[in-house]
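Look at the two complexes coming up: chain A is in both, with chain B in one and chain C in the other.
Let's turn to the complex of A and B:
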């Protein structure tokens, strides 16, 4: 038997692009099931706004099962809201009470420019990961569970190593707006995979730093955070009629992959971490729709 | 069909060659946030060391005027047969001044980095989960302690603040009579209160400073991580209790003429 929360007031940050100053706007939710997730509550609000001919609130979300790291939101002054160790998508309305006022703000950091409302650009985290280097390798489909017996301690350590899903909450919560937790987590070597007889699961001095990877990580945020030179600032382009970024012309350059023909060959998708809006399936769909 | 595409900067850190010549490695290190934190921690260790020794030395007050003034004179005569009188004291003083300079410069540039890293602040109240009150007020407790040190020097080293609000009958600041100067100063209730308040600010500053210097220096091995907080509590409690006891002892008449 689900209960309902009555009379919620939402104070939500609305900002129309980076140039806009932005402001809080108040919304009322008359009644919502306590089994609704926080994002579902925002969906309900957006449905209502669209029905009234108003602009929906932009917020990031993808898997909604707590593993992708796309959702964000500063809820009542806490990154991902009041529930420990879970992303916003796994926060449910039962954590709130009737008549509550809930304040929702985007992540705030100079490295994370606000794109719209509650949506920020977290590309600097991708650049940190890219700075560590990456390879392209066909690894086939995911193997069936339990085909390779993995001892429990190794599996646990592997889960720990994968715990950071790159949501940016550490940057959002840090009083210094620093990505040190993210960088430290990604800088740790993938020890569980390398662990064998006689090898330790503990990170050891020198691990991960031997190839200069961690140093490249560390130098990356120094450029990104606040002091990124103009030519490296993120830019947004509109693609021309052929679906090409401006300046690439009709003839694809020899060393430039043909983005229009096969987005999967674009350098972006050869990178380990493409921005969330640029995943190849998304580009393919958009291109098919345009044709 | 409007599509947003982002042109991307160089993929690896090594792809960009910096035109600047390499600086001396210490300056290069100081140019980073981590280097500035090292500077904060190392100068902080020097200053914590001074504060602890200063407090322990002042406990001689409880042994009476003779012992206390003898201790004050001993500081001027450190290593006297080897070096002339007050030379070691001045060397220590210059070391402390340098530590204060580095500590303040690093704090100011870290604050500047901090502001730059979040140029638009959160517009709603934060609900801090990890950052303690002490850590969030480091700038203010630091400024309070810095200003207090000037008063403290004017009161008990230079002496011109020692005579403010004191009856002429009680005498004047006497260079070398450290005991008499302390008693005369703390018999003024507002001054005693000022010392107590400033020392509580110092204790708050020390609590976060001692705790975080382990993190800054990388001394946070899980084996002794749990000791960091205990050490910070012990150091700041020791300093506050010791220092606050002096004005209270004077007001209570335990230490007096």
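Let's turn to the complex of A and C:
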């Protein structure tokens, strides 16, 4: 049977659009079923706020089953929260206890401007894909799909890379706000051995498949960074001993590269299976450290 | 190909247009080639060729798959091709922008009016032709497996501007979802139907059996699908499996803390294939199940229960996918075209891809060709201005009510009425009741809605208000359609029309037609038109999966 969590304190980032400085607001909430998902807990809070005549907290979500990559919360300083391999929407309240204090922030990355409260603009990821994250076979007469057999291990590796849900957690967790993990997945040809014409990253001028592709990939988020006014560039901050950001209610501190060494901020939070090219020992070690 | 054609017609309980389904079966052969060429990593056998498996409602192993995420991978494949076109400058994408009205000039679709979800700006877009690929309306039930942003607004606004809405009562309830756990639940999660390939569905023979599954001996388990439908067993089509599960639960034999589910048991499969094979096939689904329920399906059976999943009804379209408004097209789940009264597994994506890749590119030209070099009405046309004005007033109107209840409250209540009376099993009495409760609740919505915040920026409460209002009107039409269709077919099961064994009883003499509804200002008074269905090659037969 389900149990209820009582006396939860939520410290939630509120920011009314890009021009607002933003601040943390504390809310207390009771009687949350441990069967509820994290986002359902926020739904309950929002219903309560509307009941009190206050504005609901904006946050992105869509499929609520871990496949669309729309949900995007930093929970206690970790992208998608404490459960490994789990998107925010799949996190359930049974992972928390009564009397917990939970800090909820938006993705904080230079490339992702905050639209409102916990909602950020992740269009830069779309731009990376537009810059070359596709196969250049045009729609129309396609050859028989079985004409080039693809060894199972290769097909499986392609599938590993394709599992990326485009959530942007890797960008949010990276101390440099870089999209390397995402880009690695999109840059790896989905079926590397299907080397028919136009099926791989073969040079193909004019339609995005030329050899400048990877360079164009990496320039996407940078372009956005350059265009953001300094005061709106989101920053990372270190968590204190209780797992809380310093100085609640204040502007977060400037870059704290130490976070990179905090195993709890592993960028491979959501995606246990990074593409082969990304699976360096360094990543694996970090993954173990995160366990 | 003929087999697919036949199965789809039969699966749709002989309520789909034969010509459309034939075309679908024909072009389906190209879809996989197309998607593979564009990089979708379908599963391969060790020999390197594409792997297939069987899927709900089919005895043939003919479904291509990509781990447990076929739909997602097809979507990503298509998205990446779209992104390529955006990069090339041939397509402009408007992110976070919602269609709020359709504009017609002289009876032709002239474009749309949108609201920017970030700035609140309302503006018009003029076009030669408009295509709606805005999905189904399964969230009318509030709880469904659909994404939270699934809504009927686009199709409904088109309907209000003259597009007929076909067969709104044909909704599909999917048999393998995780049962509801509590009252705050916001959506239901589908466990892929592929699980039925290896899982066995059962409930205890005796009502009120409280023992854990492992302690119930074989003799006291009822593998009801295998018992009732020996040739299809656990792979019986969705509508049939769903109703069987409902009956098992209604008879007090449900399992789980709320007794609202049935077992889907992998013990046999694990014994036969080994845990590793089961893990390879379904690992990610098992993990997902564990995340949601906190239970480990390798050790105890999954619990499943039916939930709203897909809507076969939608905007009426002709063979060229044009609605009754010239220049306005509908593709994918938003139209009603190919699935009749019930859809088979995997064929939603097949139809959506067929519509977009292989049908529309060839049919839309027929409408566009005569318009070459002719001017079209611009966004300064009075019809656009009027529609923009109306949209602004509508959203301001929601803010001005200042009542006491949130849009979600009304959505939940509305969904409950539709689920109770127009869900898996419908009766005349129930539908009458729904048709008296819905307008009353809608009146309350108009008087007592509370939307906080304002209309000048991100306001998800306000977005929701518009969507819920459209669900109200659609809900009434769904119930009216269900009430008028005095037969049972596919996903539409009227308790009055069943045979001695409790199977659906069609009435081909009176109902072998599509019901296409015309908006007249009030959904309670919509006008029902008929498109007779003619079957030239297929013989109408009783749909039996025994």
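Convention: the second predicted complex is superposed on the first by the 175 of 291 C-alpha atoms of A that agree within 3 Å, B and C clash if a C-alpha of one lies under 4 Å from a C-alpha of the other, contacts with A are read in each partner's own complex, and residues count from 1 in each chain.
Operating definition for what follows: a residue touches a chain if its C-beta (ideal position, glycine included) is under 8 Å from a C-beta of that chain, and two chains touch if they have at least 3 such contacts.
All figures in this text were calculated on a predicted structure; none of them were measured in a lab.
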{"item": "Contacts of A:78 with chain B and chain C, given as first, second, both or neither", "value": "first"}
{"item": "Which of chain B and chain C A:39 touches, first, second, both or neither", "value": "second"}
{"item": "Chain B versus chain C as contact partner of A:123, first or second or both or neither", "value": "both"}
{"item": "Partner with the higher number of touched chain A residues, chain C or chain B", "value": "C"}
{"item": "Touched partner set for A:175, first chain B, second chain C, both or neither", "value": "first"}
{"item": "Contacts of A:142 with chain B and chain C, given as first, second, both or neither", "value": "second"}
{"item": "Partner chain(s) touched by A:53 [first = chain B, second = chain C, both, neither]", "value": "second"}
{"item": "Partner chain in contact with A:158 - chain B first, chain C second, else both or neither", "value": "second"}
{"item": "Partner chain(s) touched by A:62 [first = chain B, second = chain C, both, neither]", "value": "second"}
{"item": "Chain B versus chain C as contact partner of A:86, first or second or both or neither", "value": "second"}
{"item": "Set intersection of chain A contacts, chain C complex versus chain B complex", "value": "123, 130-131, 133"}
{"item": "Of chain A, residues touching chain B in the complex", "value": "11, 13, 22, 24, 74, 76-78, 103, 105, 108-111, 123, 127, 130-131, 133, 173, 175-178, 215-220, 222-223, 225-228, 231-232, 234-239, 243, 245, 267-268, 271, 275, 277-278, 283, 286, 289-290"}
{"item": "In the complex, chain A residues that touch chain C", "value": "1-2, 16-17, 32-33, 35-37, 39-41, 43-44, 46-47, 49-51, 53-56, 58, 61-68, 83, 85-86, 90-92, 94, 115-117, 119, 123, 126, 129-137, 139, 142-146, 149-152, 155, 158-159, 162-163, 165, 189-191, 194, 196, 198-199, 207-208"}
{"item": "Touching residues on chain B, where the partner in the complex is chain A", "value": "1-14, 16, 32-34, 110, 113-114, 116-131, 135-136"}
{"item": "Chain C residues touching chain A - in the complex, by the definition given at the top", "value": "30, 32-50, 66-67, 69, 72-73, 76, 79-81, 83-84, 86-88, 93, 95, 118, 145, 147-149, 181-182, 184-187, 189-190, 257, 287-288, 291-292, 294, 357, 404, 406, 408-409, 450, 452-453, 457-461"}
